[in-house]
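Shared chain: chain A. Partners: chain B in the first complex, chain C in the second.
Showing the complex of A and B:
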């Protein structure tokens, strides 16, 4: 019986990857997003990052917490990433806070956002608007050069 | 070598075909993996070739639409009608497998930007919107100016992207891109995975079977090992010998048969626990004196051991040295009994130095046994070598083949020695004694015949022959009484018993045919033998105990066998005039026999003095050279 259990476990472990396919890609996507956002935020700020994501999910919280300090309230944050359709009015407004979106159209239409990270044709895309970067006195490293757009 | 003998040698030989099958399956698995790659490529080509053609057509249509323009990018940016027409072309490409279809160009900064997108409103990119591409392969199309296929490994929703160049004046102006969803490839992979899992499943089953086969073989080996090991001494037992004797290479070993001298006395004096302790210590001594991996020690009887000492090609004497070493070690060792007493022992060893001259192991072993018999005959505590070349002229025993040939060629006969009534001087009985003529007509006596055939069917054949000859003489001479010698084996042999029953149908024959029993110690141990003796007595045969007073025949057996006659052993009679103990022994035997109603015969009466003495002691019958030597059947006519 012991041998049967051992062989059974070995077989299950061999195919273990197959049983995690539902969770793994999703988590990978959030991980990638978290890495990019924290990198952008850290490069944009001259002070330690305090990130706030409105209506943050548990999974997002656990993933983002691995890379940066999350702020519980909008007011305490110095970088706000809006990645859901939330009521714009509920988001605090502060002159020294940087706003980032995950929607290209919102980026174009709302002056608050200086850039966006979004999925375009299933590919991760980053866009910064040059004029808004200047307005916020943000100096990004040269590695971000290719993402900066001079949209008026 | 047959499968059976392979199995006998080791059950592990049966893993070879299983391992072979496992190896073939591994090859098959490796081939399947390669096949999977090829099938994958083929299936991909089959499932995408149509789509590629359609996309090519679409690209041609777009190109045709824009051919009037010199700058495709600017024309599309500025002409909304053109944009709608291009988009309508692109929309024809969308299927469940093609997730996205779009037209892009590369700007001066090397950034790809959308010009047209067939996606629905939510996913639709705006004109001039930047597209961050994930692979440098995108740039290759501008150099190679032909379609590029990009396989995605990192993007979890796309399996591949197909890029088509739209050129103006041999310069790539636009890129038509389609992104395949993962669904198609997943379908292909699903089919391949089933195939792969099937093979892996078979491998796992083979593995499990192999595992259990190994497990069973180990268990079987353990069980077999235990059945071959003597529990008391830890050396191999008779089962081992029976099982492997056909596999033993006779030219690789010398065979030594070892017997512990007077072992019965140890059991009788100190008890069976002591006997067992001695056997264990002897076995340990044998194991310690032999080579662990080369020599084989077997306990094949109560106190009998067999040693197969391996011969070294460059040192033919080494196995004999081992036998001599263990012999002297036993002589020097003091064996400790459970009572903490210590005793010294001796052993007799018979060695066959030339087992390769025998046809079978049994024959070779028999010759070692013959040598052992000789060692015992010479007073024990010695090594006796059976070496055919050295014993040819003066050897004590005939070979089995020679005896068998003599029986077949009817060269066996009986000589007869008188047993005389010392009171009257008349012949009371004759003892029939086996004789064999060799090819030179020389007479061979039983001491050169019987040791070789103990325990073989030849002994029975010889007894049959002797009985037949005697029966014939009894019929020819109605006044004669003839005795024949029977071994314990004969008394339990159905053929012999059947013959004696047939003869007994004539009561006058049974009454005159005396049965002389030798080695009565073995006889009384066998319940069947005692029953048969009783039956023979009932049929009218007279029972004689031969060699009474010697090692084998003693008073205790008289109660068991209830003989009509006892024949006092010749070695005692010979010393009756010179040795007081022998005299007193004979005197007591006679007194006892008279009271028990048993007649006494003195053997080996060689002179008148002995004859006078036995007559004085009241022994009625005597046999020996003083009266007559064994003579051929012609003497019966006188």
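Showing the complex of A and C:
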């Protein structure tokens, strides 16, 4: 019984979602963003993921590195997630690299992106453009079908 | 037994496996917690997340303020909701500071937000943080002890238009429209417009006092990763409730205020370690009152010739301008973060029109009450936070404010500092403590209304220490906070002669107990109780607390709350305890359309405000709020 109480208490402390003081930068949102992007990238590629985020922040770097392999340069990556307003010319262009954005308007106007992860009406959204998925020969798992749209 | 426990743990793990839908849902929940801006190093924080604002149907900022611990919100003689120190009904402008994003909202005249940004609608607000601590160390500008940071919704997380319409059983209404977009070039904007009708009426001696009025707000914000531009306008017009009338029943009266600000922030360098901010605020206010029994207008009264100087008509129009420039540089290392900043603020005050008419119907063009009408404050700020070990962080701040004033007011310098420590020995236990020395300078308003025998008021000097302990146990969280405040030269408004520096040290202590329990992922119980002592005569509640329960089930959100403030006695009047019970529910017809109903003050036992009928006469009591039902709808498109 003592063991049970001890394990119970440890579990309570370990799984407590509450925090006392947020002394370190709050990173729960970046953690979830990293998990979602990693899930999307891994499902879109037929090879191990090498992710590149232009102008990645220190915090993003430490969090994303927990879930995937980060590429130091654009050229070495097979999946590029552009989540900041960066100079488009500074991003390498390769046929075999997949480009993903967090800006829906960019997705619509720039053929390079095959999908976007963005917010709409206070809810996170994922959109893949069917024609661009076909062009890149990407076969997504069935759980992603709900996000595929036939936008021209 | 252990095997059974392990099986249970594994099943739970499978149940919460991380599918893409689950991750998106969690991402939305994490965003609703609105914790990204919390800064534990600047004080003791009370946090109102987007989820809580939505579930509890907090409609305006005052809905939040009235439940805060060691805090009272009452109505003043003009019918405006006024925050005051616990135990007092003293409107200590400057003690409370309000920020929208990083811009301080207040009039340059009296440092108050009541006329301009009071009762701000929360339709475009993401979350609110209330800090018990010194605000000016972090933002450079004017000092304050208890400050409220209001954060607007992030346009990149909205990308939508939103309509909010609501009306209450007293025929007050609020209508808002919010629009936000992220553009292809990375810029994003948020725009908000609102019109609200406020109603406050009381029957007094067979007459109706009212502060019924209209408030309008326009807010626009555009930003990208390194720049932010905000512009906002608000105006307000209403009747003046009891006003300045000696018998508390004006024959006629009105108040008007127009307020505008523009605020530009720019970050430099890759790590955004250089920050510049430039802002400009303009405030125009009109006041008119007439009363055959006379008006107690302190600045024009001559106690030796009261019959000739008591006005029966008072008409005033003022303009106040405030310009602020801020520059900071942060040096961040692995364990040490050092910030240095300079801030310059210039305030000017013009009297466009100020006349009084006395009992003999003689009209006097009063003009400025005195020659103090500009002030420039130069500030130098340093801040260091040092991580001594994994579980100990030390914080130190110092600031010097040089006030240069024109006219009869002399220049002065206030030196402020703060030291503190945060200790988190385990994930479930934390301790935090600060000692602060600060000062709140007099304003144009306090000098205008200063007692005739000492017009040159000194800065109020505050020394306070605070200790907070936080403990989390599973889904529970307990916080206990203690504060001790000593105030020298407190600027107090004596109704007969006006503002004066109190000649002795005022002491106040407070103890806050706070308990939160998450009954499930969607349901939460929140208890709070506080008690305080004050070394002066008490004329407001000193104890209080609340019980809140909020949650959601399928398409329904629901809440109920009880806010308690204790009874007290002032001279011959006994003011009963207040039990403000509210409940409400929201039905989400679709993800984008919802209807809400909220019943306020069900028991009709709201807090009550004390007014003095004559200058040295009897006291009267008026309810701060009535029982009412509010229905509203929200449509996102």
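The rule we apply is simple: the second predicted complex is superposed on the first by the 126 of 152 C-alpha atoms of A that agree within 3 Å, B and C clash if a C-alpha of one lies under 4 Å from a C-alpha of the other, contacts with A are read in each partner's own complex, and residues count from 1 in each chain.
The definition used in the following text is that a residue touches a chain if its C-beta (ideal position, glycine included) is under 8 Å from a C-beta of that chain, and two chains touch if they have at least 3 such contacts.
No experiment lies behind these values; they were computed from the predicted model shown.
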item: First, second, both or neither for A:143, with chain B first and chain C second; value: second
item: Residue contacts with chain A in the superposition, chain B compared against chain C; value: C
item: First, second, both or neither for A:39, with chain B first and chain C second; value: second
item: Touched partner set for A:28, first chain B, second chain C, both or neither; value: both
item: Partner chain(s) touched by A:118 [first = chain B, second = chain C, both, neither]; value: second
item: Partner chain in contact with A:127 - chain B first, chain C second, else both or neither; value: first
item: Partner chain in contact with A:85 - chain B first, chain C second, else both or neither; value: second
item: Partner chain(s) touched by A:104 [first = chain B, second = chain C, both, neither]; value: both
item: Doubly contacted residues of chain A, that is, touched by chain B and again by chain C; value: 3, 7, 11, 28-29, 104, 120-124, 126
item: List of chain A residues in touch with chain C within their complex; value: 3-4, 7, 11-13, 15-23, 26, 28-29, 32-33, 35-36, 39-40, 55, 84-85, 103-106, 109, 118-124, 126, 143-144
item: Interfacial residue positions of chain C with respect to chain A in the complex; value: 1-2, 5, 9, 18-21, 23-24, 26-28, 30-31, 33, 35-36, 38, 40, 153, 156-160, 182-187, 224-225, 270, 393, 422, 424, 426-430, 432, 470-477, 516, 518, 591-592, 636
item: Residues on chain A engaged by chain B in the complex (per definition of touch); value: 3, 7, 11, 25, 28-29, 104, 120-127, 146-147, 149
item: Complex contact set, residues of chain B against chain A; value: 99-100, 102, 109-111, 119, 123, 125-126, 129-134, 155-158, 179, 204, 207-208, 211
